[in-house]
Each structure stands twice: as C-alpha cells, then as structure tokens.
Amino acid sequence: MTDNELGRRTWVIAEGYIPSKSASEQPSQEMLSHETACIVNAGDEPADVEITLYFKDREPVGPYRVRVEPRRTNHLRFNDLEDPAPVPRDTDYASVIRSSAPIVVQHTRLDSRQPPHAVLSTIAWAE
Amino acid sequence: MTDNELGRRTWVIAEGYIPSKSASEQPSQEMLSHETACIVNAGDEPADVEITLYFKDREPVGPYRVRVEPRRTNHLRFNDLEDPAPVPRDTDYASVIRSSAPIVVQHTRLDSRQPPHAVLSTIAWAE
Amino acid sequence: MTDNELGRRTWVIAEGYIPSKSASEQPSQEMLSHETACIVNAGDEPADVEITLYFKDREPVGPYRVRVEPRRTNHLRFNDLEDPAPVPRDTDYASVIRSSAPIVVQHTRLDSRQPPHAVLSTIAWAE
Amino acid sequence: MTDNELGRRTWVIAEGYIPSKSASEQPSQEMLSHETACIVNAGDEPADVEITLYFKDREPVGPYRVRVEPRRTNHLRFNDLEDPAPVPRDTDYASVIRSSAPIVVQHTRLDSRQPPHAVLSTIAWAE
C-alpha cells in the first residue's frame, strides 16, 4: 500500500445539518457551529474533489470543486461552500464526494447551539 | 462506481435508545431527544426501505416501511415511526435496514436529557 | 444476505475507559458513566460471545462470556462484567469480541464525569 | 482469524485538532483537551508503529515511532508526541499510521475548551 493508493475515490456522508444558531452572538470562527469533511491526500498527485449535496425535497446541488494538494489535508467546512450556492442552514442534507485521486474522508460536526458545544465524528462511507 | 451503485442494500445499527426526557418541558422539534437514521439514495430508482427493530427480551417488530426517492436524502427519526407500533422510549433496541436499491446509512443521536444537548454519530454496518 | 449471515464473528473495540466518577454522588443507573458494546444477533441461532480485555502494561483478562439469544440485542455494559474480574476504572483498555454466530457490534460511551453528560459512538472493527 | 492476523497494517485518521485551551487553567492530565489514537495489538509480535502527520500548508512531519507490545493496547495521545517535533496546537492535521504487525486503531478526542468536556470517537480508515 503506497501513499498514492491510500484511500478511495468515492465517499458518502449521509448526515449533514448546519445550525443557523451558535450560542454566542458573535462566535469566533473556531466556535461557530460547523460541519466539516476532513480530507487527506497522502499521495503525490493533486486530488481534484467534487462534492454534490443531496436534499430531502429537491434536486441535488453541485458540484462544488476543491483541490487538495499532494501530501496535504484539508478540513473543509461546508459552511464555506458558496459556488454554485451556499449550503442552506437548518436543513438536512447529505453529500457525495468524488476525487480524481485516492483520499480519506472523515466527517465532524461542532454544534454550538447551546454552550458548551457538542462534537461528533465518523469515518465516511467509502467505495 | 455510478450513482446507481452507491452504497449497499443491508445496514445494521446495533445501538438504539430514545430517552423519554428532554431538558426542556416543551422542547422544540429540533431539540427533542431523538435517534436518526440518515439515509441517502444517490441513484435514479426509488429505494423502498424496510426497518426491523430488535429488542432485549422480545421478538422483533416490523417492518416499518419508508420510501427514499431518487437523488434524495431522508434523515429518518425513529421517534416518528408509528406503524406497526411506536418505538418504546427508555428501551434498548437495534435496527436492521433493508433497501430495494443501494443506499448509505449513518446513525446520529441528539440527547437532550440534560442541557446542553450531546450528540453522537457513526456510519452504520453495511453488507 | 439472510438474517443468519448478518455481521461478523470477530470484532475489536480499541478504545475503552470507564471513569470512576459521575457528576452526581448517586447517579441513576441510566446516568452512570459507562461503556457499552451494543450487540445485535439477527439470526436464528444463539450467539455465544467471548470478550477479552487488553491493557497497557499487563496480560489480557478473559474471556468474559455472554449469550445473545436469536433475534435479540444486548447492550452490554462493560461496567457489569465481573467474571473473571471486574473491569478496572480509570484505566485504558481495549476489547476483542468473538462470537459463535454472526453479530454486529457498536461501541458507545456515556461520560458523566461533569454535568451534563457527553456521548460518543462508533461501529467497531470487524473481521 | 487468529490473534496474529487481527486488524490491518495501515490506518488513516483524517481529522486532527488539539485545542490549546482547556476550560480549567490547570486541568488534570485526565481532563486536558487531547486527541488519542487508541491502538490494540492482539498478536504475539511487537508492533513497530510509524505515524506521519499531514498539514494544510506544509510538508508532512514524521515518522513518530511507537512500539505496541504483544497483547497490549496503547492509547496514544498526540499531545505527547515530541520527536521529531511537537504537534502544533490549534492546527488542523491528519495522520497516517503504519505498523509492522496488524493492529486496530480508533480515534478519540476529549475537548475541554468549555466545561463540561465533549467527546467524539470513530474507527479509523484501514487498508
């Protein structure tokens, strides 16, 4: 198993939900409620990543495009996705992540609707 | 890996427990203690899903039937399952989820027995 | 995939730690800090389960023996394991779970060292 | 599946972040914010483990070297890694873990930036 083969090219995160509220009126960036796809590309080629979002009652939105450089990790906040459209708050969604090179994806949420914050994390589904 | 092949048809969530209490007397729907099976169907065919619940000391109950439309996600709350019987509160259970089309399932719990709430999540077991 | 084939016979939970403290002096059984192996046996044969505990600086202890009846789930608290020896508190451990029939295992911890409690959960490692 | 074959030799944890802050000025070792790789070696051979850390905007750092003795578990705190360099705080990272013998790895974080603490855990990605 070389670094260039580490991971998979397709990942699914079935859970997604960004609360519009944080406990503080003006939370720091660190403590803002957020959903993250932690992506690591251990190989020597750039990983061109496309993310498609799925919703309960309308067609999917995407792809959102992100590049993860060789030998780098990108802890991508869904909050920051803007193109083709911002991710709606207080809305259930899911995501399918496809990459040009093998990557590993882990899903994490920091939920600061009430102080103190709560956290969850799980490895995503890989194919 | 096409969207129609994304995921599996059989999933297991070994953990299940819905607290009867929430910290607030009248919690919002958002903050009510709940267990969720986040299901995504990325394919072009509807996914007819059957859920069977397992208990500690009696026979399984089900199937509960849910349809997840093509290219949609359904964050299914076990709290809302009513037919053939409501899910008992304060009771350990497990669930087996079978689908007519490939899906991905992630398990999440929001526990608001005490303020603030706590959260957990994990990918379900797939076969 | 029939119910008799659902899951695996060998599971590993690398994380284990039971805090000796709970926030309340006399917590309810529900709110006592605890580690759980949620086991489901969806098949028609009993699952005779053997658990071995691994430690940082001494030989493994076990097996602990538990039976999970057909079509039942058992949310087994490590706190309750007594034979051949109680699980030490405030001590890192790991567990290997072997079963005579296929099962699915999910690991959950409720940590009530400080109020309110925190929770974590993950699917165990299967072979 | 013998104990000597239990697990895999390559693991990936895509998420990593050690807060520099803990709620208490002088938290106990137990309650200090920390990231842990819980490793279990159920076999009869020592596992020589090498950990490489990946970052957002610079080259990987490592390997960090740890030995897990036969039939032992090591809940390795990333906070304690010092050689070849301490793990930076308040910084996103990811880790690739390679072992000379099969092991199982589970990722856990205790986050005590605000009281009470929050916890997360997930099985790592294995190859």
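Per-chain residue numbering starts at 1, and chain names A, B, C and D are given in the order in which the chains are listed.
Basically, contacts are C-beta pairs under 8 Å (C-beta built on N, C-alpha and C of every residue); 3 or more make two chains touch, one makes a residue touch a chain.
All values reported here derive from a predicted model rather than from experimental measurement.
Peer 1: So which chain is farthest from chain C, going by the mean of the CA atoms in each chain?
Peer 2: Using the mean of the C-alpha atoms as each chain's centre, the farthest one from chain C is A.
Peer 1: Shared interface numbers for chain B and chain C above half of all numbers used, same, or below, different?
Peer 2: different
Peer 1: Per the centroid of Cα atoms for each chain, what is the distance between chain B and chain D, given in Å?
Peer 2: 30
Peer 1: Go ahead and note the Å separation of the Cα centroids belonging to chain C and chain D.
Peer 2: Once rounded, the distance between the two centres reads 21 Å.
Peer 1: Would you mind listing the residues of chain A that make contact with two or more other chains?
Peer 2: If we look for residues of chain A contacting two or more partner chains, we find 115-116, 118-123.
Peer 1: Help me check something: in the complex, which residues belonging to chain C touch chain D?
Peer 2: 9-10, 12-17, 54-57, 59-60, 90, 92-94, 96, 107, 109, 111, 113-116, 118-125, 127
Peer 1: Which residues, counting only chain B, touch chain A once they are in their complex?
Peer 2: 1, 3, 5-7, 30-31, 36, 38-40, 42, 71-75, 104-106, 108, 115-123, 126
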